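Multiple structures are listed underneath, in structure tokens.
Next come two complexes, and both contain chain A; in the first it sits with chain B, in the second with chain C.
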Partner chain A sequence: MPMLTDTVEAPTGAASRVRPTVLKKREHTVEIVSDSGEGAQRCGQIFGAVSAKMGNGVWTVEIIPAEIQPPARIPEGASGYRIRVGTGPVTNWGDATNLALAFNEQVLLARHRLNALADDAILLVEDKWATHEDADIRAAWVAAMEELSTRHYRIIPVPMEVECLRLVDNPRKGKNMFALGMLARIYGRDTDRIKDQIAFTFRKKSEDVYKTNVELFERGFAWAEHNVDVRIDVAPQQSADALVVMNGNEAIALGAIASGMDLCAMYPITPATSVSHLLSEVFEKFGGIVHQAEDEIAACGVAIGASYAGKVAFTVTSGPGLALKTEFLGAAIMTEIPLVLVDVQRGGPSTGLPTKVEQSDLWAALYASPGDAPHIVIAPATIEECFHVMVTARRLAETFRTVVMVLSDANLATGMTPFKRPAPDAAWQAAPLDLSAVPEGTKAYQWDAQTGLSRRILPGQANGMYTLTTLSHDEGSKVAYSSGVHQRSSAARSRKLAVLQSLLSPPPVYGEASGDLLVVGWGSTKGAIEEAVDRLRADGLKVSSLHLRFLSPMEPGLKPIFQKFKKVVTVELNYSDEVGDPYVTDENRRRGQLAWLLRASTLVDVDCWTRVPGEPLRPGSIVDAIKDRMPKGGAK
Partner chain B sequence: MQSDPRVQQALAALDRPIAEFRALLEGALRQAELFLAEQQADEPARVARAAATLGQFGAARIDATRFAALQPGASRADKTSLDALRRALDVLHQMHARGDGLFVAEVVEGAKLGAVVESALSFIGWAFGAIIVTDLVRGGRYVPAEHESLLDPLGFGGWSRSERRAAPPVIVRVAGHAVRATDLASYADGHVKLVLIVDGACAPAPLARLITPGTFVLQTTDGAGLDRVARFDGPAFAAVLPPGAATFVHDPVLGREPWQRLTVTHIPEAPKKAIGAMSTWQMLEELKQLADLARTPFVVPAAGGAGAPAMGASDAADRIASWLLAQSGLGGTT
Partner chain C sequence: MTITCGLLPVLEPEEQDHSYEMSDYEGARARWCPGCGDHSILAAVQKLLAAEQLPPERTMFVSGIGCSSRFPHYLKTYGFHGIHGRALPVATGIKLNRPDLDIFVVMGDGDCTSIGAGHWIHALRYNLDIVVMLLDNGIYGLTKNQTSPTTPQGHPSNTQPHGSWLPSLNPLSTALGVTNASFVAQTAEWVPAHLYATLRAARRHKGLSFVRILQRCPVYSSAVYMKAVQDPNRIALLVHDDGVVVPELEKVYKNVVAHDPHDLAAARRVADNMDHVHLGVLFADPSRPRYEDLRRVAPRTAEERLTLLEAELDRYAV
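Entry: the complex of A and B
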């Protein structure tokens, strides 16, 4: 692995190289935090991508302030990137950060106050604030150091600005690469790969920008070489499989292309927008189009229109956008026009927490539209599944002539991890349907009495002309208000979900098939839940877990699985009342969204533990919650 | 021939209409192959295919056998129809296999430009017939006596309106002495786009005679403007000529009058000697035609200037209008 040598000029104050202590770790969590706009995220993205390319397991999480440009040097403005690096696969962001690199002490304080830092964390922090000309800033530094001293952190001051000023006039535009250099030295990262990644990151900028960034990187590397006395060795492990590294939104975009989608109609909304950013760069090369509509409603309409005309279309949004699309979703379900809708969930209700993760759209996704509007809802649980789910979603939308909602979330959307390189199959891209003439007399909705399915006909298809209507209609698409027709057509639309459920396999149980407590989850919490289950089982507790992907129709066989456990608890990233809260009784308690569904569909007394912290769940928090909920006599 | 950088430049500039034609070809291929595969598939093959279409996420959770049973089966085709379908597929595969070569032709010594263009378009026209055959077979409407001839090459004269609109561009490398506008005029229709890459001595304005109100015409010596050929919504001719030739662009969207549509950037002296079959008088006539079409009918007088009937004002009405404008003191404000 290529490493920098002493050919780089020694940094300021570097009398001699320190003799470092090497800590061998199976995993380590590092984060870079700064004020918004200082590039900590870019630094973290490069570090994460390179670590994954070197063969480490990686899971990344963006640390994003609620505002786009919060004031500088306030704890609430902390912006950054957290990377959990492991020798083996890493499935979630873990519990606490072991090493943090901060551009000021206030953003570090924010992480401290959120209990994001391990008690023995190493903290590298820009030290210019300690001697700042503004007395208030100096006082803030002193106060922060005092507060941080209540834990066993090891704080290493870093003259980042002084070092960067030797190379650039505006260190605000360079500290992140200096920081990257320090981390590369501390973690022994492959410098050639990092330079490649810098080149890729700045591919749209000039050669000078690339060179300056590499110089800053090298300066940071050399500074750490001479001044930081610790090295973290998280050995990479080469995979036999070819791997790719991406985040969930990129996976959705590439999955859409691989599945033969023709059109992505969308309106920008955090945290879904980056799906369209990637597609805008590459979709046309594969014959696709990104259409940015004038609003969320229009985006949905365009996708439905394209699908009606025979194209394979999808739309991407987040909670507030989903709310606006409800009328059109009803239209697609009523007219049985295939549509894939990706909802990258964020905190709600309303505009809520635009940049923060939550799983609170489940009910909104399930019920989607006024009136009885049955449709399919699927939730990928990993970034890899974000890719593959698009292929399935397309096929189900076309086969069942309905809306398929894919529920991702901000954790999957912005997290990055390596996974096995998909091997696209030409069958994924098969033409949606035979465009030859339909037999004379074919009706637009020739519902099969058993399955409710009917042949899809496109405008212009010989013998297939019909008038499309969102009003209640009969088999021939003729408006019909009679009770018999509406009952029949509603049954056909609903029956399709029963048919799909009959095709599904019961979900596998993670751990033993019976025990004291079963944790049930869905979506991006899978990695944290399974790590928690592993820890609980290692403690001797009879805990297993089950993770659902199909939420409408619900996966089959749940009740018999649940009955093999003394207690069933959902773990979710949405709000629920706590037993014992004022006024909250067992009768009026609002439970987690999945818990409600499971109780309704299985009549099992499913409990829940849910939180809305605006960040992914930590395995340690799940462990504590499950221990509290273990049935009496179930604990070791 | 395709390695010629000018040909590469033209292919790059015309990538959009080329991609559109390819999409047409590939779409038809995919549909026809799918139909044929379903005709030949037994139950296990159908199930395997259904599982494949579900992808990794779905195949792990959905019973592929029962999912396959939900897929609408293709109608059964008789042997004659399937034979026709296979021949149509052969044609489409041949076209597909040619890659960029499908859109590039060369006029070899002794051949005529018109014949080469006709041959290239006729080969492309074969695709339209093949696509129609795949559709007829899949719909169970193929009648050999009526439709067999669709599998023959189709000369441009037989192309329908929609086929002319779906025409891909053709890039033709040709020697200068073989360039004759009259060979090309009959292809000015639909979305036909012909780009000549010209080598050797050539008449200075060979495409001037192709300027008509709705046809985009470009003469360039460095390839500039070829992207506009690709974007133009109608028929277009372009020639990449040796240095020294006349350079101009006639873009129908720029105005109602010829001088509004035509921008001439260079008019050379007329050659002193005949080139190929083109006499010096003919070449001079083409240059004059170009100059006449480009000439502004009147020059707007400078503000406050005396103004005078402009050079080139084509009729009495124009001259009066020009004079009145000058007299009113509004000259230069239009």
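Entry: the complex of A and C
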């Protein structure tokens, strides 16, 4: 997003004690960070939601420690929320924070050490630690300030606790509303909308709780009015379209409802679980249920049983859960039972980084079963697509009688952004099922010789009785004892993917259709990649990008597109060896997961730039990496 | 292929204009070994299906992997021959989506008490209205003679050639230890009248009916039930009007114990009592909550869902 129009303006008619400087910005990134349990996330969520409702572009990111209650005042315990606000649409979390509000200097230090803060960032920090009775804490404050002084930050001490104590006995509960008040003043947020949002947030609490929180909010607002000399003005822009604002897991949950599915079988796992939280709250009134199974395997089995017997069901999990479900996935593919599986990816392998984003499950998703188990894998690229992908997934699963895996990730799952309000259609809920009478002698798998497709027979249908088996079987679902059956049935299951691919269009290229370098991405990195491409093109580089939604089968026409560029580079959030690393050669180099696939399917020498930072990719990092990889003689 | 628009309607049963014979339920010819106890169980089940006049198209047999799990292939109903140890989650999903179907689950001892033990415990607690048969021959047969959790201590196998190291797992006391278990019975395939009567009681119970069926494997574990087969005095029949009563058997089996299946403490004592092999209903309580009833929700039309969804989206409106 260009920042060409950023200007500094003198305030007009300010009645405050300090004469604030008003910074007009096209976009600004703010974060609030605290010890776990102090409510920074709630503060950030309200700020983000209200900004979106005012008409700003918004992208939010959660800052989550690994533990539920880590010790206080340690950098690793930093918990918070980062909100990038723009005048126009915001498609990713950006590069660095411009204004941070911290409840103690240690969590601020954590953000500093992660290079999360812009060099000229404004830092508001609770200052009670500077004069704390514990000498160690005072010393820690001094040391932190010294470390922070290595950059050009502007630090503004804030007596948050002192101010809150004027209203409440326990400032630990409520400091976040004071902080929200400060941010609302600095960013000129609509206070009525904020109060509405506070009311919604505390809807299950008493009226007194609401009142106290509003008082704290107003006190923070007034304090900033009189004591903070800077205002950030990111003008909202009214959209012509009706918008909604939500995170990716909420979008998946509502998309599942829109798709007509009515059973979600799951087992708790971060960062997937919140899909089921929303569904558990609302699904029953839609005629659906969330079944919390005894384990990941059972969750998959229940979804498969339900899908076999009627309308397709879905299960939602993350990496370790995907690993556990693999045997059942093979079973569903072998027996051609439709199933939707959502994998909200996190860092791996194994338990990995439970709360952090990664795109490392692509191979696991594609090859999730021993044996040849062809199935469909699709990846939404935006939070909006998280909604619609569920409708697509259910339809594909039932049409092609197979497993559809949806690869979301922690960035989409917990990030929040406004998008065009979906217009659900009753037809999305239709069952693509033939419920007409089954003619006598109908076989369980009457594979069409061309397409491999066959009619699915449901229990309850007379004349349809057959025993489904996970053993290799023929058209009649009879166990395959004779040679040739396995070849024929494998072909039928595989052919379905070719049929699906024949129905897809080549993906559009973002930017010019030819040039020096083409960036290829998949999943949640789309916003950051396209922002990077914009910046690179603004710098005169002939860079374009392409984003894949279908990973199995892949979208058609990739090779001709690739051939119009001197170089093709994937950008992914997974691990790859760097050329030049010890022992790493072009022969043994382990490449990004998408890069492997593209090389195999196109025979184009696709390079990659991938990272596993435990956070979304920053557009600025992509810009630097691509500049580094520009083909020789291609760069201007 | 016609495509319906609208929610999947529950398939309405057709008017039944004829009665079903045993032969109406016959599937492929059973391929178990000669002398395998599974043949007898298949015959009892076919007899039960005919006696209860269950429409074949609305009856489902769900199994895992193992000798006994071939069961559904030999019946002409709907069948789901799935993966090892996982019959119960599949049956749970089917029942949740289709409470209109009659569901029988067939598992072996490896299936149920070893690889699928977690599902077994939880299925007992869910207490869906299904019949669960454990065909317990105390050995892994299909994979050729390995020790299972129910293999008697000291019984040799290919994996424990000096005899099973551990005391065998007791499926009855395990089942009776699970909160909300509602029906636990034991029978034996070599006592067909008792087997039939027990399966009928299980089928008529409202809730998950867990039936352990002692089953001989003539190839790998013929010794396991030898004494009980040869000596009727090793058997004790549990009788009660709310359990199973087969008067003609009392001529052969002299140990007859009046046992009230409503008494859980007594059921647990019987399960732990190794003096005899007890056949009958150890415990039955049809009043225990059933998961499919607890989770039943009113179905919605597509239009109703749309209206509700718009209201839900309003909560997120900018």
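Here, the second predicted complex is superposed on the first by the 617 of 636 C-alpha atoms of A that agree within 3 Å, B and C clash if a C-alpha of one lies under 4 Å from a C-alpha of the other, contacts with A are read in each partner's own complex, and residues count from 1 in each chain.
In the analysis below, a contact is a pair of C-beta atoms (placed from the backbone, for glycine too) under 8 Å apart; a residue touches a chain by one contact, two chains touch by 3 or more.
Everything numeric in this text was worked out from a predicted model, so none of it was measured.
K.L.:
Thinking of the overlay built on chain A, is A:T451 touched by chain B (first), by chain C (second), by both, or by neither?
P.N.:
Only chain B is touched by A:T451; chain C is not.
K.L.:
Check the residue A:R549 against both partner chains and state whether it touches chain B (first), chain C (second), both, or neither.
P.N.:
The answer is first: A:R549 touches chain B but not chain C.
K.L.:
Under the stated touch criterion, which partner chain does A:V571 make contact with: chain B (first), chain C (second), both, or neither?
P.N.:
After superposing on A, A:V571 lies clear of both chain B and chain C.
K.L.:
In the superposed arrangement, does chain B or chain C reach more residues of chain A?
P.N.:
Of the two chains, more chain A residues are contacted by C.
K.L.:
So in the superposed three-chain picture, is A:L435 touching just chain B, just chain C, both, or none of them (first/second/both/neither)?
P.N.:
Both chain B and chain C are touched by A:L435.
K.L.:
After the superposition on A, what does A:T392 contact: first (chain B), second (chain C), both or neither?
P.N.:
So A:T392 only meets chain B here.
K.L.:
Would you sort A:S259 into first (chain B), second (chain C), both or neither based on which partner it touches?
P.N.:
After superposing on A, A:S259 lies in contact with chain B but is clear of chain C.
K.L.:
Output check: A:A364 vs chain B and chain C. Expected answer is one of first, second, both, neither. What do you get?
P.N.:
After superposing on A, A:A364 lies clear of both chain B and chain C.
K.L.:
Where does A:I297 make contact in the superposed view: on chain B (first), on chain C (second), on both, or on neither?
P.N.:
second
K.L.:
A:S502 in the overlay: touching chain B, chain C, both, or neither? Say first, second, both or neither.
P.N.:
Only chain B; A:S502 stays clear of chain C.
K.L.:
Return the residues of chain A at which the contacts from chain B and from chain C coincide.
P.N.:
After superposing on chain A, chain A residues 287, 422, 425, 427, 429-431, 433-436, 455, 462 contact both chain B and chain C.
K.L.:
In their shared complex, at which residues does chain B touch chain A?
P.N.:
Touching chain A from chain B are residues 19, 23, 27, 30-31, 34-35, 49, 52-58, 61-63, 66-67, 70-72, 74-75, 135-141.
K.L.:
What does chain A use to touch chain C in their complex?
P.N.:
Residue list for chain A touching chain C: 52-53, 55, 239, 242-246, 250, 254, 257-258, 260, 263, 265, 282, 284-289, 291, 293-295, 297-311, 313, 327-328, 331, 418, 421-422, 424-427, 429-436, 455, 458-471, 478-479.
K.L.:
Considering only the defined contacts, which chain C positions touch chain A in the complex?
P.N.:
1-11, 13-14, 27-28, 55-58, 60-62, 65, 72-73, 75-83, 86, 88-98, 100-101, 118-119, 121-122, 295, 297-300, 302-303, 305-306, 308-310, 312-313, 316-318
K.L.:
Per the contact definition, I'd like the list of chain A residues that touch chain B in the complex.
P.N.:
Listed in rising order, the residues of chain A that touch chain B are 259, 287, 380, 385, 388-392, 395-396, 399, 422, 425, 427-431, 433-437, 451, 453, 455, 462, 499, 502-505, 549-550, 555.
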